[in-house]
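There are structures below to look over.
In the two complexes below, chain A is the common chain; its partner is chain B in one and chain C in the other.
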Partner chain A sequence: MGLKRLLIAGAAVVLTAFPAAAGELSFWHAYAGQQDKVDFINFALDEFAKAHPDIKLDVVAAEQSAYKTKLNTAMASGNPPDVFYTLPGGFLNAFVNGGQMYALDADLAKDGWGDSFLESALAQTSKDGHAYAVPVDVDSVVFWYDKALFAENGWTVPSSYDELLALAETIKGEGIVPFALGNKDAWPATFWFQYLEMRLKGSGVVSSFVNKDAKAALGDEATKALEHVAALSSKGYFPIGFNGMGDQEANMLFLNGQAAMMLNGTWQIGASADAPEGFELGYFAFPTVKDGAGDQSDVLAGVAATFGISQKAENKADAVTLLKFLTSREVMTKYVELRKTMVTVKDATTEAAAGPVLFDISSKLMAAAGHLDPFYDTAMPPAATNIYYTSLQGVLDGSVPPADAAKRLEDALRADK
Partner chain B sequence: MGAVRRWTVTNTVVLVLLTLHVLLVVFPFIWMIYSTFKTNKEFMRSVWSFPRSFSLDAYVGAWSGGALGGYAVNSLLIMAGATIITVVVATLAGYALAVYRPRWMPAVELGLTAAMAIPAYVALVPLVVMLRGAGLLDTHMGVVLPTAAFNVPVTIFIMQAFFNTLPRELFDAARMDGASEWSIFARVALPIARPAMFTAAIVNMIWVWNDFLFPVVFINSPARKTLPVGLTDFVGEHITNYPVMLAAILFAAIAPLVLFIFFERQITAALLGGAVKE
Partner chain C sequence: MSTSKGFASSHNRAALLFLSPAFLLIAAFVAYPVVYAGWLSLFRWDGASAPVFQGAGNFVRLAGDPIFWRALGRNLLVALSAMVFQVFLALCIAYCLVRIVPAFSRIFLFFYLVPVMVSEICIGLLWRFMYNPYFGLVNAAFGALGLDGLKRGWLGESGTAFSAVVVVMSFTYLGLYVLLFVAAVRSVPESVYEAAEIDGAGHFTKFFSITIPMVGDAVRANSLLAIIGSLKTFSLVFVLTNGGPNHASEVVSTYLYKMGFGSFEMGYAATIGFTQMLLTAIGAWLVFRYLKRAGVGGRT
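And now, the complex of A and B:
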């Protein structure tokens, strides 16, 4: 059996274990699986090697969803990397609560490092007044539309929620889906609920629960917001079967003109790069809601990624040097240029790097916003996020009454100690 | 031979249904193949249409950008290692449990069943701690051993079930001829068990080849990544280049396909053997 011999030879090779090379500073990140991410990290690490030849890095990369499992396992097994990429909110807070994150306050206070970040962004990586990570990029959610399609049909951008609904009715009459939505993974529809809650009640609702504010409450506005969401669904403004459709498929509907608008994050700019010819991406802010108590200029904008240092890291000075380098204005401007995403470092989101649409959002919408409210689903603890997702999906398919869903979510947010 | 074959309505219906079934099963594969010849723009414009021009860019992109060859070698090594260990252990154990039927066998079976119920996720953290202690983190062996450990129980049951179908007289006769227990196993049982071992091996190969969790958590170095882990490099979070991704998946599918073609006779033999025996 030639094959058997081959397999045995294979096993013999396997048995020779390869020892892992131990670098002086281990750095884990999730900039993999996507060309722009890879381009960015290659640029940053090459430049770092040039600027700091004395600091040797042992780099480990994994694609986002695999990365989360990998990092969680490493943290739980007491084997954390020295410097690593992590998501803000509940994900980071779990490490903070476990005493695994190094507080960066003293380093941020030096040389104006802390002042180089947007204050609202740094707040999203802080807990109880201490910063445990530095924010990298920030995504904001707006309505996207195809300018060419709108011009062709004579549709105009709505400024109030009532106008938006009237426009949706008109679009539906033309046989086009008003809003693309692929809610299989449950996060896409959360933008609808959160914006309505922000307009009706105000920003910072979920943050106040997370910060254990005694007065934290979703209020009756949550029920009202969920009723609005349920109405959108029952009126048929979303694609058929949207709760089982992926975000990618919804995006195709939008790019192909089968759906007219999409409430989505600024990553939509990158996702529209391969749109068919004639497609012209435009955006408008989430419209004002009549009699809403919230600041109507607020923007749903959350820090998407952060870098932190492990409490166990032996060489914290080098680790800080790496973080400072990664969040320098030069590297961050390159980040904007390659990834078409806004960054949290002041003045790094330049027009040349960001392109016209993103720069417009950054310099007008974001700059004029009363508050930036971070994504509810990543800000709250994971257990509550699950309840948030399933309740909202239930409201959308009509199986959960809005009042029940609001109560479930409020209970879940309160349950967390 | 005397019966004349008649083309009946039933036959026609069965044929039509089977044809439909085959089309349903085969179409995704065909779709995958012809989609790899499109550009991403073409793909985004129309998912189902045939390519307008014949472009091999996706294959070039998949092969050059992904280090797929290296990943494939890693996958093969881990697959071979884990499968050999699992099948050897499971054949010995399955034989012992089926032929000797020790009194404490129910306890062993219960233990194996309980082991099968442990989700891999629960074991991740202790496994990482143990592998680090043994210096096996970020090595091929560090993936092979836990993978084999997790696949051994099910495989023992497969082998035990096979040895149970063999008549006891076979072993008694050999014993009467003065064969030692070891030579009964090696000269009588093993040759008959070959098809079952192949079946067990094939099943294991497919499991190990497709496994994602252990390689992604235990392997750090890009040079030691397996194909499924490496393939995630092709799947973006918000942007996806489908033709390149599909080309990469096709590359990854070649190895199992070849394996299947190679072993098909043994699998069929094993299945038929089980069917004919009482």
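And now, the complex of A and C:
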């Protein structure tokens, strides 16, 4: 197996050195760098080669952040790959607006392919009623904690935001950081703001801006939510220097028991696999906020990755075959098993593949949610995301007043043509 | 000036023939991108849709963009610190190595050169770990010295993030200048120093009155190298803080990257890049002129 993987990797390197030959389908993806990602794509491509020996693939892989740059450069230079991995929301919409994406509506309507996806997920890859990509996995955000550490100290899981703050004060008194946070790349803190906005105002706030709803507004609730976030920081509930620490460094604090809780995505299950002996990962929903206008059962959950086809692809039939294969229940169940991530294909997130914690989140928390609100930072246009990130960092370190940050964000959301 | 006559001579024709491959490569990989960036800076373009002509719109926006000007200010601070903690310090060290402890100069030079040989990304990651507020060496060192009050989240606080990056830059690039200056200081004739010693000059006098004037060419070249490098510095900032928190350690190149590949404002990113190139060229020319007039360097 090890040798085989090496050979595949070698073949990939050789292949990338040459342009795709005629009749080959170029396929770019970001399943690289992490072992679980590599295992998944190797499985999927091996199986595809067996099932469709006639379709030759020219595969290019890059690690996530480098991939975004690479794909964007290819798009800008007018040489996009035929089939490719892309992020939903603003990233995908930029390509859609540029007329670079092939609309999958006709193909999805055939053979029940479209019906195999969760509707809420397909909505996140559609624009103006047309689907431009197929969703792959869904991440949702919850509070994570070490059950053993909580039991040892007699702490109980909070159900309201006030209880959460009281618990944080107690934990801080014990000399432990209440919430792990590594905000160098600015997305980790967005979960705090988004959940508070969802609880205070409701779901779909940023989506309504993206859909050009005339009534779209962040409301005074955004300022309030940002004030809450600023208060958490000024009370010292986050680690020292959190704005300069990476998510992985925050994870080290959490797994070593130096921080008690962490508001993070379901990828935390994979990140906690290497936890020291005695660590027992538990989760609880973002607590209810008193007098909040939003549906208090809502969950922050969004499509994390999608696959799309370039408008310029010569052989669209083969491209669709590849996408259908990748999103088949068999491949997607394997995805759940290897990556411990929920997928958008119905009934593929099985208990056996997902494991108890993830299956619990999928079957209880998410099934009971009034709405699933996609990640603000990926839903909004990239230019607004940049402003969202930096303003939130500023609110957290006290250099930007919450009201200013809310206004800046609202202006950025409205500025998009 | 015999250009017109000389141009036709067969020698020149042969020289041109030999130079043409290099010229073509430069045209393709330097001149074309520069011209293209200049052209692109007149458009609004997200990289995917058709570009929209803006005229001077991007430059007007740049002129009123406080983040850009603050970032440029930080580049100038980096340049200033490079002159002091890289160029001047390296010259002092080179003098010590050559004139005071020549026996150990090789081994010291080796240590100074280690960071130059390691990739900047690795150095950045290493320092990220040293700066980690919980597990890092920096805070541990302050703790060991009983200075717990000085412990902080170096890279995560707006007050310290930029200084923390500048410290790393100084450590990283110092070795290169030491190497260059050691070669220059060695080339100063021994007889000049002997004459000075007879007159009773100490190391201080010898350093300022002999070494600096005698290695003027090297000082000028290294200063230019340091200033140009500082104005386009990118990788260490990118790895250490990514310009954050909230632009507190942003330099022009990281801002350009954020605009181009974060916000997908390719046109505006090109405007930033084009302006940065012009300012760097002007800056380098001014420094060159100033150093020449100040009498540092010039042919002796």
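Going forward, the second predicted complex is superposed on the first by the 394 of 417 C-alpha atoms of A that agree within 3 Å, B and C clash if a C-alpha of one lies under 4 Å from a C-alpha of the other, contacts with A are read in each partner's own complex, and residues count from 1 in each chain.
Methods note: a residue touches a chain if its C-beta (ideal position, glycine included) is under 8 Å from a C-beta of that chain, and two chains touch if they have at least 3 such contacts.
This one's a predicted model, so the numbers in the text were calculated from it and none came from an experiment.
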item: Contacts of A:64 with chain B and chain C, given as first, second, both or neither; value: first
item: Which superposed partner A:324 touches (first chain B, second chain C, both, neither); value: neither
item: First, second, both or neither for A:312, with chain B first and chain C second; value: neither
item: Which superposed partner A:184 touches (first chain B, second chain C, both, neither); value: second
item: Partner chain(s) touched by A:407 [first = chain B, second = chain C, both, neither]; value: neither
item: First, second, both or neither for A:76, with chain B first and chain C second; value: both
item: Which superposed partner A:252 touches (first chain B, second chain C, both, neither); value: both
item: First (chain B), second (chain C), both or neither touched by A:239; value: second
item: First, second, both or neither for A:346, with chain B first and chain C second; value: neither
item: Shared contact residues on chain A - chain B and chain C; value: 69, 73, 76, 252
item: Of chain C, residues touching chain A in the complex; value: 46-50, 128, 131-135, 151-158, 161, 241-242, 244-248, 258-259, 261-266
item: Residues on chain A engaged by chain B in the complex (per definition of touch); value: 3, 7-8, 10-11, 13-15, 17-21, 32-36, 60-66, 69-70, 73-74, 76-79, 247-248, 252, 255-256, 267, 270-271, 273-276
item: Complex interface listing, chain B residues touching chain A; value: 40-41, 44-45, 47, 76-78, 80-81, 83-85, 124-126, 128-129, 132, 135-142, 144, 212-213, 216-217, 220-222, 224, 229, 232-241, 262
item: Residue ranges of chain A touching chain C (in the complex, touch as defined); value: 68-69, 72-73, 75-76, 94-95, 97-100, 183-186, 239-246, 249, 252-253, 258, 382-383, 385-386, 390-391, 393-394, 396-397, 399-400
